[in-house]
Amino acid sequence: MIGTDGTAAIDLNADLGEGFGNWRMGDDAALLDVVTSANVACGFHAGDPVTMRRTCRLAAERGVSVGAHVGYRDLAGFGRRFVDVAPEELAADVLYQLGALDACARAAGTCVRYVKPHGALYNTLVHHEEQAAAVVDAVREFDPALPVLGLPGAVWLRLAAEAGLPVRHEAFADRAYTPEGTLVSRREPNAVLHDPALIAERGLTLATRGEVVAVDGSVVRLRADSICVHGDTPGAVEAARALRAGLERAGVRPRAFAA
Amino acid sequence: MIGTDGTAAIDLNADLGEGFGNWRMGDDAALLDVVTSANVACGFHAGDPVTMRRTCRLAAERGVSVGAHVGYRDLAGFGRRFVDVAPEELAADVLYQLGALDACARAAGTCVRYVKPHGALYNTLVHHEEQAAAVVDAVREFDPALPVLGLPGAVWLRLAAEAGLPVRHEAFADRAYTPEGTLVSRREPNAVLHDPALIAERGLTLATRGEVVAVDGSVVRLRADSICVHGDTPGAVEAARALRAGLERAGVRPRAFAA
Amino acid sequence: MIGTDGTAAIDLNADLGEGFGNWRMGDDAALLDVVTSANVACGFHAGDPVTMRRTCRLAAERGVSVGAHVGYRDLAGFGRRFVDVAPEELAADVLYQLGALDACARAAGTCVRYVKPHGALYNTLVHHEEQAAAVVDAVREFDPALPVLGLPGAVWLRLAAEAGLPVRHEAFADRAYTPEGTLVSRREPNAVLHDPALIAERGLTLATRGEVVAVDGSVVRLRADSICVHGDTPGAVEAARALRAGLERAGVRPRAFAA
Amino acid sequence: MIGTDGTAAIDLNADLGEGFGNWRMGDDAALLDVVTSANVACGFHAGDPVTMRRTCRLAAERGVSVGAHVGYRDLAGFGRRFVDVAPEELAADVLYQLGALDACARAAGTCVRYVKPHGALYNTLVHHEEQAAAVVDAVREFDPALPVLGLPGAVWLRLAAEAGLPVRHEAFADRAYTPEGTLVSRREPNAVLHDPALIAERGLTLATRGEVVAVDGSVVRLRADSICVHGDTPGAVEAARALRAGLERAGVRPRAFAA
């Protein structure tokens, strides 16, 4: 995307702070040198308060924007299992997580700058009207100017836009796309790409032309305010680094969409 | 205590929002008509997000100040068991609870106006220097002007004062006092008073003269910014009502110490 | 149903031990004098270990059979929210709950004598093949001779029967039935009956003739090994008592289906 | 120790199954090839039901004895924080964990063969009479013939012996000892040894002569039925392997103390 100052820029986001208590997950230190936006777990699917504070502090030190990675209350399932929670309960759960993370962020000299749902909630909000409306309500109650980040076409982003929340879209450089611009299910072979060079190239095309090559070879137009990168495998971190390096070489500046 | 406007006034505080999920506890509706300050559970020892939001809304509607009733992370023990948590962890846990409740309070049109520790944390902070310092750090990081409420003589209130936090003291109209001005242990017989008329009389003496009659008959001077009332038994609610009625008849206005 | 000794008998079951920590729910003492089978919560949706032990002890003292009331891991939702848990995880969760309750029951001189799913799991197992198979696997691994209790027609009972588990069916004297013999949804008016005399009469007809009058007036045949009673309201306990008294007056002996 | 068959043998135990949900900890696969007894987390400080079942299955396949590694209910603190839990509650918590793990073990064709407390509970039971008595009560109620494993001199082992439970003692090949035979605190430098060769040598001396060289150079006699090894660092696994290899070269057979 072309920034208001005429230079090309793109946000890079990743999930961070996904440990809990004595348990660690992912290579936060490595990712924080790659991304411009950190989706920080808020304690419901991962992320104890100590981890949240530390992650916010590290992000703030690097100028990385803190986003609230809100999820279902499900530590045992890491927020990856759909929970048929009533709208009133989901709205309260999200509001609670937003406030908790914001306190940690403010103690680190920053604040929550956007919201991105995690795991099963992320997937559910693509189509589930009631839960989508509940999350939008919670975000608006917390801060009616807080940007939300999600998948193009998601129901919850439509509702967020109708509610006046700034809507940002993300794309994936390491995921295969259908000709319709949706993600190929992880159950399909080749749904996830692993080649760092290919991922870097696709990321650059997303950032500069807003396009991605679908599984049938067709070119799909995708609006991407942010590219999501992963750090859960050594290869993923390497690919994220390659993606960033490729963007910088091409003159595309990694820049947080909300700062 | 005599207010700045020359009229006598006193705060009345009680623990509220102590349900969790499907479980209820106490008579919140009754207490909210008696008190001027609500110590609202923040999810660690009690209080799910739906309950927190509802309690904040009810408090806001009645002009009752919302305080953060922070506790150990111990739902199974209702926060009544000492946990030897490291200072860094306790500080993060308190900061997290403050932020979570504040988000609920702000959605209800108010905000967290003071902090009061719950249960075993309340008792521990009377003497435990490290945990006391951790809680003070957390409150100061959240808001360096946020009042703290506790027992006269508690270590954590001394540290809070040194850190510049406004310190408020509470007294108990339904508890027996030693000649030294400390509470008689609940393990002693007669540690807790049940007669509504006697409780009302003691509350009035606390509010107007800052005095309480100790178990040996001596008169102890006690600074009380707030009187703590209880609602966990039908008799307790009745006593709280009698206390408030007695104050009002004597021209002492129930007024939140932080509003 | 007519017992092997020629006398009429029926089981009465109720949910018990549904407190958690400091929170209480239901009138266990009253229900234990009415029922012959106690569905005891196992810690995942309700029921801390102290409550579980106490409930097993009280049941054992009264000769009431202990059943495992297994549920989703969801204290905040009281197990009433569907969780899309993978079969392997659900099987392990159920096995864990069975073992935990059995240890409590054995310490009380008895043991787990049957299994009945709780809440959202109960409803899900009526139709969800994968979760149904997982629960059946868990029960069989725990004890291939352990009876299972559920709704006639439920998928999980069919799978349980195929797996060789003894299958028992329950009916509801306080719920309206469709002409097809299924329960009228709680969302419909009149889905739940409240008149103790009517509930007692329907219970007697269920126990002696295996019949219930549906909402359209037709008579539906229902095999009932057990009648489920409730204790979550004062009226419910009264109705349960009336039901038992009616059965006894008619010569139908309340008797556990598994003892 | 010299076995009843005249050959030298010693047990090797390690903590296993310490993941939770999506989080992993330690190298279980490597340790299971080294030890003869597996202390398996039971869900209160670590160990979800899926992990418990898998760990039991892997242990059973290798002929490794399953022990219940019971802990405080404290996932966020990994059971490493003292909790001032009442005896009745602790006893119920331990009984619950024993039953839950036993069900997982039995589904794997084995059963719980001993009990070893974890973390802060391990340390507390060395001196805390009330909590010690509670744990002994729970073990006895679960199985009055179940062996308990702990530190020589611990209060809870004295009470266990008085209650008729088989008592087994463990020693540490990678920890420094005082001349009195107690462990040097981890806060001291050199409290933990890291040199695999030295650890192997100390383990062999413990196994064959029941002796260890203390920090002042004196020789301390220690009864060791089992040597505790660790797997939380790559070096620890290497040291554990060296210890086992050294024992086997010297003709000391690694053998579970309870099988």
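As written, the chain order gives the labels A, B, C and D, with residue 1 at the start of each chain.
In this text, a contact is a pair of C-beta atoms (placed from the backbone, for glycine too) under 8 Å apart; a residue touches a chain by one contact, two chains touch by 3 or more.
Given the structure is predicted, the values throughout are model-derived calculations rather than measurements.
S.K.: Name, by label, each chain that touches both members of the pair subunit C and subunit D.
M.R.: Correct list: A, B.
S.K.: At the subunit B/subunit D interface, shared numbers over all numbers used: above half (same) or below half (different)?
M.R.: same
S.K.: Could you tell me the distance, in whole angstrom, between the mean C-alpha positions of subunit B and subunit C?
M.R.: Spacing between the chain centres: roughly 42 Å.
S.K.: Between subunit A and subunit B, what is the gap in Å from one C-alpha centre to the other?
M.R.: Going by mean C-alpha positions, subunit A sits 40 Å from subunit B.
S.K.: Scan subunit A for residues touching two or more other chains and write them down.
M.R.: Expected reply: 48, 76-77, 89.
S.K.: Under the touch definition given earlier, write down the residues of subunit B that touch subunit A in their complex.
M.R.: 43, 48-50, 52-53, 88-89, 92-93, 95-104, 106-107, 141-142
S.K.: Show me the residue ranges of subunit A that touch subunit C in the complex, using the header's touch definition.
M.R.: Interface residues on the subunit A side: 73-74, 76-77, 81-86, 89, 120.
S.K.: Would you pull the subunit B residues touching subunit C in the complex into a rising list?
M.R.: 19-25, 46, 48, 75-78, 80
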